[in-house]
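Structures given as structure tokens follow.
You will see subunit A twice below: alongside subunit B first, and alongside subunit C after that.
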Partner chain A sequence: MSDPAITGTYVPAKPAKTKTQVAPRARRASTRAMIDRYSVTEYVMIYAGIALFLFFMLAPFVEGFLVSLKPLSQLFSTPYSFWPEGGSFEAYRTMWVRIPYFGLYIFNSLLIATVSTVIVLILVVPAAYAFARFRFRGMALVLGAFLAVSMFSGAVLLIPLFRLMRTLGLLNTYWAMIIPGAAFLIPSAIWLLRTYMMRIPPELNEAAYMDGASQFYTFRRVILPIARPGIVVVAIMTFIGAYAQQFIFALTFNSKTEYMPLPVGLFAFFGKQEVIWNELMAASFVGIAPALVIIFVLQRHLVGGLTAGAVK
Partner chain B sequence: MTQSRAAWVFAWALLAPAILYVMVIVAWPLVETFRLSVTNASLRPTADYVGWDNYAKIFDRDFLEIILRTFTWTFCSVALKMVIGTCGAVLLNCAVPGRNLFRILTMPPWIVPMAIGIFMWGWMYNGQFGMISGLLQRFGLVDGPVAFLAYGNSAYWATIITDVWIGVPMVTIYFLAAIQAIPRDLYEAAWTDGASRWYRFRRITLPLMAPAIITMSMLSLIATFNSFDIIWILTQGGPSGSTTTMIIDTYQTAIGSKKYGEGAARAVVICIFLSLFCIAYFRMTRRLGTAADKA
Partner chain C sequence: MGQLSLQTVTKSFGTIDVVKGVSLDVVEGEFMVFVGPSGCGKSTLLRMIAGLEHTTAGDIVIDGVRVNDMAPVDRGIAMVFQSYALYPHMTVFENIAFPLRVEGLAEAQVRDKVGAAARILHLEDRLQQKPGNLSGGQRQRVAIGRAIVRAPEIFLFDEPLSNLDAALRADMRIELTRLHKQLGATMIYVTHDQIEAMTMADRIVVLHDGYIAQVGAPLELYHTPQTLFVAGFIGNPRMNVLPVTCVGVDATGVTVDLEGQHLHVPVTVPAAARAGLPGQRLSLGIRPEHIALAQGAAADGTAHLRVTPSVIEHLGQQTIGYATDDTAVAGDGGEAVSFCFVLPGTQSIRPDLPVALAFATDDCHLFDAQGRAFARRIDMAGLTLPPMADPATGG
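Let's turn to the complex of A and B:
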């Protein structure tokens, strides 16, 4: 389980800008430009390095996409050919027949991710504010305990969770996938939002107090509106996490096809002896489309959100 | 001090729902795991106290082998993530045209549903028709098709590579942030003194990144130790146990064979290791934190 935000536990030292270091602006600018100037060889090496790195990151997607375009006959032929011949989007049509519940799987995935995000936000927004603004005895310990939660994956706690879900009668319902999943999304969300809320000047609280506002009123009317951009980022990050990590709970706590989220639904399909690869890949691409749309639409928020926990 | 008393009540009231939720879903199951590990719980409705029997039962040659395998698997994966992540961060930090696009392009493995990325690797490793085997054959590096997931050794490395692939984006972005936090003045001063690019990397970037590398490798160690999806989807611990890590082993015992008591004992062993990592991590970040404050 990877939590982007708890990575922020270490905050790199930000050196104080001392006055002595300030050089004339013009000279600084030219040094900066010179330092970033590369020779042709260096350019070639940098781009080659980046190309190799991105090849590793993206090859499975490129290959998966090409496979989804290839007809099965070409797929199961040797020697291996990279480019699809007579490629078509046929698999994107036929997969709907082969995987009858496909639409439902995507709906389930989105539903589970959305409800998980809502639960996490309801719990995390007040908690993050408390951690950001108040310092009472015991709170540091509680914060540490929250961070420690993310160290234990669901896999370790699966047995008691399974028994708990069975006792509550939640096995084979959406809740069996939502409730445990949400718990493991809380730590990173708290950390990220706390970092954001610590930047809200405490003078605002003091001013509200002077005006006779209650603590709750201050939280609701003063803090929440200001913190909205931070809450949006946390909501996006939580949603992505909830969408990306639907596997182990859904695999173990639910056996009803109509409630399965996409990864588990496709896993059943993947596990069969004769995998119809082009359709599986087509289905995968449709399944990751929401995530890719989020990346490209919200890239600015995303890079900020991913690194906000790390660097102030 | 009525104000501070009201604030105290308010602060804890804000925290209460989250604390309660985590208590029920994480803390209580953790305690319950310990309790179950000394019983013979199974599908039967009742369970008896059996003392240390479960522990005595699981500690055999096989289990020690699984522990050892988990550690080597985790170590290889984390080491590769750190090396590739550092290279990636340094490259993406270069002021070349297109770098913003390149930064975004590193993210998909992290952001798409994990299972789906793993399906794609499942195809890449396919022996008859997969890309890796196909390309190796085309370049004449191997004679026949290689079914990577069918042999112990190659399956072990195949699962590591996939784990690295999923982990690298987060490591890279984090390292990139750490590099960007290094004051430019240092580079400018070194540049003025005629230090080469490699020298600047070795004497400025690397030492100042070191805390980030240590922190990240600890976090990555914990995440990798818990890795389940990749191995389960690709090999389910096979062939003949060569990719069975402690998590997979616990899952097979508890969920596969329904031996909850024995599974819980295995989970407790994992918890002990995780707690040790956790303590090491907190101590390390505290020490690094104070070092950074002094610097």
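Let's turn to the complex of A and C:
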């Protein structure tokens, strides 16, 4: 095409043919942005991938639930049948009889996980803010050390931890399970929340400072509300972590039945000769139910886009 | 109150000097604009005045008090950030009320003051919305509302309009000027946009590499820039600079040689400096808008040039031609320079065809080899606004 500026003639661009080859379902999905449109093959592959992934994730739960409905005798029948015949919720009743302390175990688990989470949040929120906003000597070193610590699991350090707990006189108390649990969850929580807080524009701090607010006022009234989704994520992660970790600490640092958390309590279903699988599964489902409720409640606070409109 | 004085204020980041000794007096109630290219230290200077940045050396004095070590609120200063810096989780009302909440003001007073600020900025209908639901212009008004609610003596603005589109920017310029009249407070406004500077300022400070290049009223800077830098920065499109050779000096001006034409430029050269001047290379400045199509033969007091523009922009109201380096007028030493001209109305000229242009030597600026301007012999009274008549004594 010749340059219109040089020849002095204006060549209007012809409207492009509108019939282009978009995906067959394009008309139905026409409100989608082009970048979000996929062909049928792509959809099939995407859903196949999701199905495969979900199968691996959920199969143990499904099987566990089915087992909890079956009578014990049916579990060892050959050929093995997936579907319970004459299934009932009987195991959900008998498990309370077999383990009278079951309710207490659930309470202990929740207590340990909740107190650990609260301790972690109280320590981590200000620490993450400091690491995100201030520059100070040795910061990189401390952050690196946190990263290194978070690579160990508590299990590696059980023997030194045991001696420490004994020296502090904390063996056979709730604290023996709470303190090491919280300690090992702090490093990753700091890293996670620090990354979140670094995304809060520093101009907000400057604006608040210009308006006369103190560091603490700014932290409380500006930073904390904006960081809420990040804090909720950290709370959920910590709670799950604390719930999962308590088994190993309870087993080693606690021998009092009344302080035992749920995972240790479930051991009672492992008899001398046999494992009461159906009740074990029933107890597992009942045991994680309160934790699920707590996580669902927390998740409702996970609202995105809280910084919309702050800058630009 | 709201008188600000900077006394050789300096700022270094490590070994890098960003602001290199700025002295300036800002009169109470003045609209002062800091202008300069990106990275020249405007924001740094403003942040030092605000109290966000420590001053390496020099004093900042507000109403006779040295404020170097005072917090921003104690200085009686409010600032509007380029990025608005609104609190995203608060409503517009709470955003504007924030400084009052910090102060611990009673709820009734907070309501009054926020209401008054919202009225000035036309935000009454938006008070219960979150910043995320507002347009750019409204967000900027909320940011301004948060600044005015405390009734500070000095307002600082750091490129407040640069995130807005052109039409909104023009509206907000007018609104800010109106706000300045209404509040009567001192305002210091940072921008890299010379149009904002020209349209809003009582006085402009042109910053260049951490130094003040020139301070003056907008038209003063336009008509009598003291350096090549100011000449190039103020005015759009920028001033053309043609290399010339001095061939003679007398009390009425300097005669220079431009492509064989001898032009007499009316400037004042101190008697002592005259002797060394002939033979020297100088820079002749002519603004694009002072150039016209040549009519007839060259007359006294006009210069003629043949230029081959490579791009012509027809704006209807104006016709702008650009000659880029390779098609440009031949400079006096044979080297090519770029050249731009603005003609009124629609002119039937075409790119890549030579046009004959003319300009009056009275409109020319002349700069020495160091880029310093020779004082022009012009009657500034005819070119700038008369000083404002004092309403008490006038008429």
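To be clear about the criterion, the second predicted complex is superposed on the first by the 230 of 312 C-alpha atoms of A that agree within 3 Å, B and C clash if a C-alpha of one lies under 4 Å from a C-alpha of the other, contacts with A are read in each partner's own complex, and residues count from 1 in each chain.
Everything that follows uses one rule, which is that contacts are C-beta pairs under 8 Å (C-beta built on N, C-alpha and C of every residue); 3 or more make two chains touch, one makes a residue touch a chain.
As the structure is a computational prediction, the values presented were derived from the model and not from experiment.
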| item | value |
| --- | --- |
| Which partner, subunit B or subunit C, touches more subunit A residues | B |
| Partner chain(s) touched by A:A242 [first = subunit B, second = subunit C, both, neither] | neither |
| Which of subunit B and subunit C A:M210 touches, first, second, both or neither | second |
| Partner chain(s) touched by A:P263 [first = subunit B, second = subunit C, both, neither] | first |
| Partner chain(s) touched by A:M197 [first = subunit B, second = subunit C, both, neither] | neither |
| Subunit B versus subunit C as contact partner of A:A176, first or second or both or neither | neither |
| Which of subunit B and subunit C A:V222 touches, first, second, both or neither | second |
| First (subunit B), second (subunit C), both or neither touched by A:I231 | neither |
| Shared contact residues on subunit A - subunit B and subunit C | 6, 209, 306-307, 310-311 |
| Parts of subunit B lying in touch with subunit A, wherever the complex brings them together | 3, 6-8, 10-12, 14-15, 17-19, 21-22, 25-26, 28-30, 32-33, 36, 84, 87-88, 91-92, 94-96, 102-117, 119-124, 126, 128-131, 133-135, 137-138, 145, 165-170, 173-174, 176-178, 180-181, 183-185, 187-188, 191-192, 197, 208, 211-212, 215-216, 219, 222-223, 226, 228-229, 232-233, 247, 250-251, 254-255, 260, 263-264, 267, 270-271, 274, 277-278, 281-282, 285, 288-289, 292-293, 295 |
| Touching residues on subunit C, where the partner in the complex is subunit A | 50-52, 71-73, 77-79, 81, 83-89, 98-99, 101-103, 130-134, 136, 139, 146, 150, 163, 311, 350-352 |
| Touch list for subunit A against partner subunit B, complex | 1-4, 6-7, 9-15, 21, 28, 31-32, 34-36, 38, 42-43, 46-47, 49-50, 53-54, 56-61, 63-64, 67, 75-82, 109, 122-124, 126-127, 129-131, 133-134, 136, 139, 142, 144-146, 148-149, 151-153, 155-164, 179-180, 182-184, 186, 190, 209, 215-216, 219, 240, 243-248, 251-252, 262-264, 266-267, 270, 277, 280-281, 284, 287-288, 291-292, 294-296, 299, 302-303, 306-307, 310-311 |
| Subunit C-facing residues of subunit A, complex | 5-6, 8, 201, 203-204, 206-213, 217, 221-222, 225-226, 305-312 |
